[in-house]
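Below you'll find the structure, written out as structure tokens, and then a few comments.
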Amino acid sequence: MQEKQPFLELYRTMMLIRLCEERLAKSHSRGLVHGACHTYVGQEAIATGVSAHLRLEDVVFSTHRGHGHALAKGLDPRQLIAELYGRETGCSRGRGGSMHLFAPEVGLMGTSGIVGPCILQAAGAGYSFKLLKTDRVAVAFFGDGAVNNGAFHEGLNMAGIWKLPVLFVCENNQFATEVPFACSAGNPRVAHRGAAYGMPGIELDGNDVLAVHTAAGEAVARARNGEGPTLLECITYRTRPHSEGMGDFTYRTREDVEQWKTRCPILKLKRHALETGWASIEALDTLEREVAAVVELAHEFGEQSDWPNPATATHHVYASH
Amino acid sequence: MRQLTMMKATLEALSGEMARNPAIFVLGEGIGKRGGNFNTTSGLFDFHGPQRLRDTPISERGFVGLACGAAMTGTRPVVDFMFADFVLDAAGEIINQIAKIQYMSSGRIKMPIVLRGCIGIGHAAATHHSGSYYSLYAQFPGLRVVVPSMPGDAKGLLTTALRCDDPVLFLEHREVLGLKGPVPEGDHLVEFGKASVMRQGSDVTVVALALMVHKALAACDILERDGISVELIDPRTIAPLDHDTILRSVAKTGRLLIVDEAFAPCGIGAEIAALVADVGFDELDAPIRRLNGAHTPTPYSPPLETAVVPSTEIITQAIRDLCDE
Amino acid sequence: MRQLTMMKATLEALSGEMARNPAIFVLGEGIGKRGGNFNTTSGLFDFHGPQRLRDTPISERGFVGLACGAAMTGTRPVVDFMFADFVLDAAGEIINQIAKIQYMSSGRIKMPIVLRGCIGIGHAAATHHSGSYYSLYAQFPGLRVVVPSMPGDAKGLLTTALRCDDPVLFLEHREVLGLKGPVPEGDHLVEFGKASVMRQGSDVTVVALALMVHKALAACDILERDGISVELIDPRTIAPLDHDTILRSVAKTGRLLIVDEAFAPCGIGAEIAALVADVGFDELDAPIRRLNGAHTPTPYSPPLETAVVPSTEIITQAIRDLCDE
Amino acid sequence: MQEKQPFLELYRTMMLIRLCEERLAKSHSRGLVHGACHTYVGQEAIATGVSAHLRLEDVVFSTHRGHGHALAKGLDPRQLIAELYGRETGCSRGRGGSMHLFAPEVGLMGTSGIVGPCILQAAGAGYSFKLLKTDRVAVAFFGDGAVNNGAFHEGLNMAGIWKLPVLFVCENNQFATEVPFACSAGNPRVAHRGAAYGMPGIELDGNDVLAVHTAAGEAVARARNGEGPTLLECITYRTRPHSEGMGDFTYRTREDVEQWKTRCPILKLKRHALETGWASIEALDTLEREVAAVVELAHEFGEQSDWPNPATATHHVYASH
């Protein structure tokens, strides 16, 4: 990646995620977002760096903390925000909310309120792609908490033995809700687990979008070439509470959070831009303003959208209606 | 018509559909070269190879979840459980994912997946190889649940399942697998939600499932000699459940017995009773009776095993008792 | 009597029993220092420390299976699921192991384990945080299933559960957790299998569970003004189910409506209907009615969510309709 | 272990298992054993070497192939055989059969027809023992097939992080039914998995009872001392079909099986006895005859025992009856 354009795209995507999340956090406290809302603030580099390599027809499976994955894969922010506001125009037509985002049109095959299944489903998509002899790729994004779950073990093993075209992207933000990963994993080095399943495991700075981008590029290429899956462990940190409205400083300190904020992935890329000169501060500011306008419009779109019709509450339970 | 076992009949359906549709593949333990613990895939490996007949590790949750992702992305997995008991480890994938994704995606993602496995008490298989879980799955929206009793139906229903965009649980009673019956050649489809009237009768309606259909048939023969005319209905699919056929029959007979080997509480027998006690109430001339397997884990020892399953004698007596009400 | 929320009432039960019995420990996510997602263990960590309030990895199947082994060997685990939806991954451990080991060991091994978690629709929690699984568990022999609606009952039932040698599913409706009611001080036990008659009445029997008890109570008030006298029964435990109280009531009223937020097919409403359509048939003056939540995964958006849960208005109307039958 | 006596005990236990299994195999083909019957022939050294270190109050959890574990833990062979014959005098009173052996009196907490749960239950027993401040130990025996199951991952991880007094004994007989382990595991070295869960993982010759005995002794001592769990991978081979009556030479060759028969754990210990002189051939023959007589009596006991009373079929579903 030598040209400016891709760098700017990464910047734009991270900024879009950040501003959407901040908007949603505000809306949550105003009661516009219903149910739980887990933001991706601090982790933007991961979805962004990985998804930059994905084609429209590649697919992504995600978790309760899935807004960033959805946007990075190409979900229109209007559809994201409208979904969280519970509107008919949302990507899941108001049926899903924050934890159940579906947009197969852009390859977002779902986020899930249950920890674990996304790993298995991505393996399944990989199975399809291999059987159908395409070079499509599937990605599972999941937290460190999922690593201790049986789905991780069974899913990675099957992907390993069958050499499925899958990226398993562990976003190790070091906590599952309030439990430190080191307390819940016998060996807290996730990347080392790759070996148990016969696949490469790579540990990265998840706050460095360029590092993520490079590693993901290699993993995607491996997958497309039929060389099988890769496990990426991206070390990161969420700088907002587990979910909006929850307390944050009983299990970690304000200092820790502030310290990690200085390692913000967006700031980091900005610094890189200014140091190496691929973008000016003005260009980045302009871009930020553009994105802010998009998010503001998306918010308005969401707020003005219709509620779903209660008479349709049981539609689509089966394929036949 | 030629007579085939249920095993052969479903193999014919699967084999025909696999030839027809290259997106179908089978996942399970020993379903590759070995051809399945119950010969469910016998001979198919040689035609289709390991990608379409995929032997799995002992990762029930894993391969059911994998099948879910596959069904979402253009293929049509058939998960072969061997025994349905093993798949409780995958209940989360079935109930929280497979059953819900069509809905959550507003119908933009389909879920063409068949989950098949063996159910039922017999062969001293004991409690980890004899459960009947159809009523469990029938509780949840988004799933289709098929419980065939006859080889011909099994072929037709499996074919329908393999062309259906909804997830289908296809549960085959172990003691029925080897029974023979007429099976149509070639393409044969049986619609979901259509019960089969196995015997026409006027005194009492009996609804039975799986192996109990066969025991109830024997009871019908015995009772016929005594002039008791039984209408015997096999729902064949319990989700969807054919309300009309059951209600029409009760309207004629005024009496209903449901015979189900599985546990009574919150079972399909309760559902059918509740249906008739509501919509068919005015037609009833007697209490609705249920006859179920004993409410206990399946014991191993043959005399205990025999004691927990409704027998032809017990069914016969239950029908007589109901006619005397 | 003092008024406590259900959350506080069960905390009192747990805290009292943990002080009394050093073999009790709690397993779950965030039940240590954090005190539980629903404050189910609030404050206990400081008294009892991490061995007795054990924060777990996200390994639902694992820690339920671990609790099974612990219960077999001298301790008394309480598994705190947070949301009952998460524990479908452990269905195999519950149904094939926990429920069966007393039987398989001819009663020489006991299974003193409490499995508790939150159920029910509300708070726009959507489909992975709103299931009601009591009817699923009630199908299987070997399990006790408790569904409290009142804080005082919840305390008494949880205390009973914590002294019971059988495995108990203790399922708490999320929208009831914060409701207040009278709660006896000190030792308080409520026997399993004894329904609570919440209102005495003569025109119609209504059986309701969990949140639906509260909505039905509101309906009773409305109908009372119109001179309709409702007998409202809360079974409190659905396994065992108190047959006598329900049958006695129907013998008096001749009419039965079951109100259950959970899915209708093969649910506890069907079981109660089937019971009454058999044993109570001669007492019935009208069809048995069920009112259930819509048969669909729970939608997120508030207007859709509201549409899938029986409301006081709908319950009121259903009772009126039944009285007109 | 320098004296003769323990060697002889190991020999006796292995011989008891072998002769019981051969008796059961015969009885199965005669219709005296109902249901499936998975024999332990070829793997006797493992149950024997491990259980030699266990006290009556230590506990064992096992699998579908559990006869050997039951006998090694001290189950009276009469109760084993009677159980498989479906009699009231069986260890599970005829309720269980081959795959559901329960004898809490001797610490046999159950064998299971489902692959996986024994791992979790042993972890749970370890949890009890730690909470109750005893030095009791729990053992899970399981096959290579269980290694790919989520229960393995979740159970070993919890035992690792909580330092539970548990032995996880994987009997790697290289096949799960007919599927070679190498085809179903991304990394077929089971012992290496210990590291993922923060516990030692040790690979052994599972046909060498002395090697098993030594390694298990260390692992049991670690567990009793509060030093946590151990994973033992015992490489072995079953020399009879997966279960009685099944074919055996479609997925492996007759030669492989014959070759492994020459590595029979009983023969191996016998050779050791004769080479090092701790027992004479006459002493071993006498012991074998004694054991054969015990097995013959157990068989007669089983055959002559009463059937359970069908009226009791629903007893013990709940604690209250």
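Read from first to last, the chains carry the letters A, B, C and D; within each, the first residue is number 1.
The rule is simple: a contact is a pair of C-beta atoms (placed from the backbone, for glycine too) under 8 Å apart; a residue touches a chain by one contact, two chains touch by 3 or more.
Keep in mind it's a predicted model, so treat the numbers as computed, not measured.
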Set of chains whose contacts include both chain D and chain C: A, B
Most widely separated chain from chain C, with each centre as the mean of CA atoms: D
Geometric centre distance via CA averages, chain C-chain B, whole Å: 30
CA centroid of chain B to CA centroid of chain D, Å: 36
Mean-CA-position distance for chain B and chain A (Å): 40
Centre distance in Å when chain A and chain D are each reduced to the mean of their C-alpha atoms: 46
Sites on chain C at which at least two other chains make contact: 56-57, 59, 61-62, 85-86, 89, 92, 96, 103-104, 127-128, 141-142, 295-297
Residues of chain D touching at least two other chains: 92, 95-96, 100, 112, 114, 116, 148-151, 153-154, 157, 161, 183-185, 314, 317
Arrangement of touching chains [line / ring / star / complete / other]: complete
Chain C contact footprint on chain A (complex, rising order): 34-36, 86-87, 90, 92, 94-97, 99-100, 112-116, 145-146, 148-150, 176-179, 183-185, 250-251, 307-314, 317
Interfacial residue positions of chain B with respect to chain D in the complex: 29-30, 33-34, 55-62, 85-86, 89, 123-129, 294-297, 299-304, 306-308
Chain B to chain C touching residues, read off their complex: 61, 85-86, 88-89, 91-92, 95-96, 99-100, 103-104, 127-128, 131, 135-136, 138-142, 239, 241, 263-271, 273-274, 276-279, 281-282, 284, 286-290, 295-297
Residues of chain B that touch chain A when the two form their complex: 23, 25, 51-52, 54, 56-57, 59, 61-75, 77, 92-93, 96-97, 101-111, 141-142, 144, 164-166
Chain B-touching residues of chain A, taken from the complex the two chains share: 59, 61, 92-93, 95-96, 100, 102, 104-105, 109-110, 112, 114, 116-117, 119-132, 138, 150-151, 153-155, 157-158, 161-162, 314-321
